[in-house]
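Okay, so chain A shows up in both of these, paired with chain B first and chain C after.
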Partner chain A sequence: MSDALIDLFAEVLQVDAAELSDDTSPDNLRQWDSLAAMHLVAAIEEKFSTRLSTKEIMKMSTIGLARETLKGKDIDV
Partner chain B sequence: MTAIDPKTRWRQHLAGTKNESGNVLRVAIGGSVTAEPLEPYLGAHLLDKGFSPVVTIAPFGQVHRLCLDHESVLEGEKPDAIAVIWRLEDLFPAALAKTLDDPAALQELMQGVQTLADAVAHLRKSFAGTIVVSVPPYPAMPGFEVQELTQYGAGMAAHAAACALWEGEMRKLEHVRLLDLHGLMLHRGAAQAQDARKWYLYRQPYAEVFWQDIGRQLGRIIAAEKTSAKKCVVLDLDNTLWGGIIGEDGLEGIQLGQDFPGSAFRDFQKYLLHLKSKGVLLAVASKNNPEDAYEVFDKHDAMILTKRDISVFEIHWESKVESLRRIAAHINIGLDALVFVDDNPKEIGEVRERLPDVTCLMVPEELAELPGLLAATDFFDIPVVTEEDRQRTEMIAAETARKQVQGDVLSEEDFRKALELKIDVFRAQRQHLARITQLINKSNQFNLTTRRRTLAEVEALCGNDNALVLGMDIRDKYGDYGLVGVCIVQKDGGACDIDTLLMSCRVLGRGAEETFIAQIAAAARQMGAETLRGKYIPTPKNAMVKDLYARFGFTHDAAGDTWTIRAEDVQPPPAHIAASLALDDNANRKG
Partner chain C sequence: MNFQYDSYAYFFDLLAFAPVLLLLYFSTSSPRLRRLAMTASGMYLMSFIAPRLVLFYLVFWLLVFFVHRCAFTEEGGRRPWLRGARRFLARFSIVLFALPLLLWKIYGNGFTLIFTAQGNELLSLFSTKLWELDMARSVVIPLGLSFTTFRALDLVIKTYLGKIENLRLDEVLFYGFFPPVQVFGPIIEYEDVARQDHNPDAALFLYGLLRVTGGFLKVFVAAAFMHPHVAFPAAPAALPVWVLWLKLLGYYLYLYLNFSGYSDVAVGASALFGFRIKENFNFPLWQTNIQDYWNSWHMSLTHWARRNVYVPAGGYRAETQYLAIFCTMMVIALWHKLTPACFIYGLYHGGLMAGYRHLSEARDGAAEGKTPLWRRPAAGRALTYLAVSVSLPLIFIPESQLLPYYAALLGMGR
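After this line comes the complex of A and B, so read on.
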């Protein structure tokens, strides 16, 4: 089963989805810099038709935390 | 329409998964804000226009440095275009804030704007490609909230004064294009365009939808420098220029004037008149009785367009396909330069199928959208409107008069004499550059090499001692064709290479080609060259000049695929033409 959130991160960060997991963060992935963070937020908002608050955005420091935030907004990821 | 969204399209392009061919176009962007979100939208728009774009975003916040030293900021990148996107509140926040309380602080703000204008002037001198600069949007900073009850006018004056100074300075620099961020923001609406979250988190102030607006607009500006705009709108009459059917409803019954939907048709006509003032030709293709249709033009009080605004009328019961062919032939342009507007899906369908080069637009179901139908497209993006553009409809009318004389009585030779042609060939001066660049970028048929150039590149050639940029001006007793021919020669030892040779097709067959070649040879001799050397580079559109050099006695050299002739062997201009050649720097055409 492919994972929509992982696929989205892979596409924006231009890395292989196999390299990503819920533990991936800016600390262990060089490509996830501040510009990439900006592109990620735009991509997530577009893909899942949602709007993230600055609080939510600042909390998303791993893919797993991003998943949790989206689930909290009733988005199935 | 592309089925996929711009971001996906751009990512696929970058990943090389979609094989896109096209001219490589390098664009560098410098911003006083984080400008990265612009990249996919600009890139996708340029892909749509057939380019293979490379977009570079300069490091954030280095607007002045980019202008003063683009080579080091761009780390050796050689862009075709540089865009500078800046805002007052980023570059001059303190001065801007002070203007709210202290009118004298405006001076400080103006000095800041002037410094940036000077930096752009420096960039113009040191960079030959296209330059685009933004008009700063109304500031988004505390104290400038337009919705506050007491705020009316407080921030407006400072913004307006800064914009006026900026625009004036930019217009002084030739061929610096303005990207009207302020106007774009009005169009989108500031509340929708801005996104405070992104500003505080990433120092980028805009919502994605507004970056898309900016990307498209910037793409239009850059693409317009390199592509040709549509040249003629072909209009149906009933339910397109007015509501109802003249043959059934009569002059009193059709809808045109103060009340909707007549007001929408009236405003559509007003927009068409605006297009005409930019050099776009208008034509009519209608299935009607001609006398019914002309009656509306002659007698209806609310008609905005007059018969003189329309270059060709095709009013009869034959097919629209035939009408469109005749219109293109009459004004001597390709079918791909036509935009056809009709309310009948059957007509549109038939034209789409049989003349796929013609761009078709349906009158929208929602008539309130009709006046904005053409403004929403980039079909008529013309970077600079020249005097030749403004006179185009009149020139076509003069041409029709000529054809009548020709058809009436005279032999071909008598006709040529009767025209009293005057042809001036001259070294291009500053005031000719806009028109010359326009011809270089839009002439397809009579164009030997189809080399496209920006205005700055042409200007650089004018300043090159080994190059000569020639213009050709033609007029006759029926009117002035204006500047209709361009030749660029480059001296290479004892030979002159014809880098570019092109002419507007409207003037062919009356001795203009002979005269131009003769004067080019004379100019080459004055430059000290003995041989003239030309090249024919075939394109899908320029077969008509395939044999041009052979016709004038050039011999083909298979080795280099070039055509050569001794300059002194070129025949002088035909006797019936009053020809002149002026190579002085201050050559004054029409002298």
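After this line comes the complex of A and C, so read on.
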């Protein structure tokens, strides 16, 4: 089943979506470097039409935490 | 005055004490008792350096626990002063926990002397025996303060973010006094040691032994052998330029062997107890650009700085990313020493990182073409090695000797 958030991460990080899970983080995925993280924030904000605060960005240290943060903003991911 | 502590001693104490600690730790499967055994052992090992350190860190981690449990909660009961105190602590806890480190970095030996005298006097209030023991110990720098500060700040910030909640006192103390890392790092995160209910399998235990052995070999054989050959010379102008360069390039290798050796011992010792703490180095000398270098050298510090400085400073926003890079590199630089030379070190590496980021973004937007020479792996490795090596004297040479050293390196001032 397609997962919009995983697909977005896969597209920005240029990796296969199958390599990603909610546990994926900058610590275990080399492609998720600081430049990619900046593009990720921009892509998430654009795709889900939202604005992330610094605190929310700090929380999003894994895909799972990004999902949790977006859900907290009533975004269905 | 030199109040440095012989870092070898702590690791030999840890090694000598490890069989007792392993026996204590694995004699029970209760996480609570295991935490107690480990915390008591951490305190015991630290008391060998000086009992005043145990008292200081105990108070420090009790405050961390209080902030973790109380400061960020919305509950305040009926007492307004308590709500006010909580708000105050929440707002100023970062400053509070960074303060001892800042005072030490600013006042150096003055702080060490006051810390020693006051710590010793405070101990006398609790126990004459401890006071006597402490009196017999040397005046030493507050060992482990940097790593303790970073671990504490990480926990407090994660509490603020809601990532870690409701730890018990013994869990916070266990994190604070975890023996393999309490004095020389790496900077672990609470999640690295959050579970104390599992045992290492044979493979992990053997891996731990090998890492400890390898680490000791790196530090006490390879690095110890190299040091006299690559140490910065007292009279650089008296040596040929090529010898100075060779020593400088060798010093970087020596530094890697020495520092990563200690990290290997910490990673290995943690594995013996079933903990897989994160690596601190990932072949930094083999990296092809400055960004990869910083992602592979003292990774526990750079990852800490990314989480707690780079991101809040706006690193994930296009308009503030360069400011965040400079802020982050400055924190890493000034962590070494609060000196103009380290400020220059921060500016230098901030500039390199910003330059590399700019080139990377420009390349991402450009059409595919011939790879420029500086982006080829071999050239990238050589340039990165050189760029890092030439910045090391800024940290490791006394400031008064810096200009003559760099002049001699360029063949001037002879």
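Here is the rule we go by: the second predicted complex is superposed on the first by the 77 of 77 C-alpha atoms of A that agree within 3 Å, B and C clash if a C-alpha of one lies under 4 Å from a C-alpha of the other, contacts with A are read in each partner's own complex, and residues count from 1 in each chain.
Just so we're on the same page, contacts are C-beta pairs under 8 Å (C-beta built on N, C-alpha and C of every residue); 3 or more make two chains touch, one makes a residue touch a chain.
Fair warning: this is a prediction, and the values are worked out from it, not measured in the lab.
Student: Once chain A of both complexes is superposed, is A:Asp33 in touch with chain B (first), chain C (second), both, or neither?
Tutor: The second partner, chain C, only.
Student: Give one of first, second, both or neither to describe whether A:Glu11 is in contact with chain B, with chain C, with both, or with none.
Tutor: Touch status of A:Glu11: first partner only.
Student: In the superposed arrangement, does A:Ala42 touch chain B (first), chain C (second), both or neither?
Tutor: Both: A:Ala42 reaches chain B and chain C.
Student: Tell me which partner A:Ser53 touches in the superposition: chain B (first), chain C (second), both or neither.
Tutor: first
Student: Just chain B (first), just chain C (second), both, or neither: which does A:Ser61 touch?
Tutor: second
Student: Mind sorting out which residues of chain A both chain B and chain C touch, each in its own complex?
Tutor: 34-35, 37-38, 41-42, 54, 57-58
Student: Which positions of chain B touch chain A when the two form their complex?
Tutor: These residues of chain B touch chain A: 7, 11, 15, 34, 36-37, 197-198, 200-202, 204, 208.
Student: Show which residues of chain C lie in contact with chain A when the two form their complex.
Tutor: Going through chain C, the ones touching chain A are 157, 160-163, 278, 291, 295, 303, 306-307, 310-312, 314-318, 321, 357, 360-361.
Student: How about chain A: which of its residues touch chain C in the complex?
Tutor: Going by the criterion above, the answer is residues 26-27, 33-35, 37-38, 40-42, 54-55, 57-59, 61, 65.
Student: Would you mind writing out the residues of chain A in touch with chain B in their complex?
Tutor: Within the complex, chain A contacts chain B at residues 11, 14, 34-35, 37-39, 41-43, 45-46, 52-54, 57-58.
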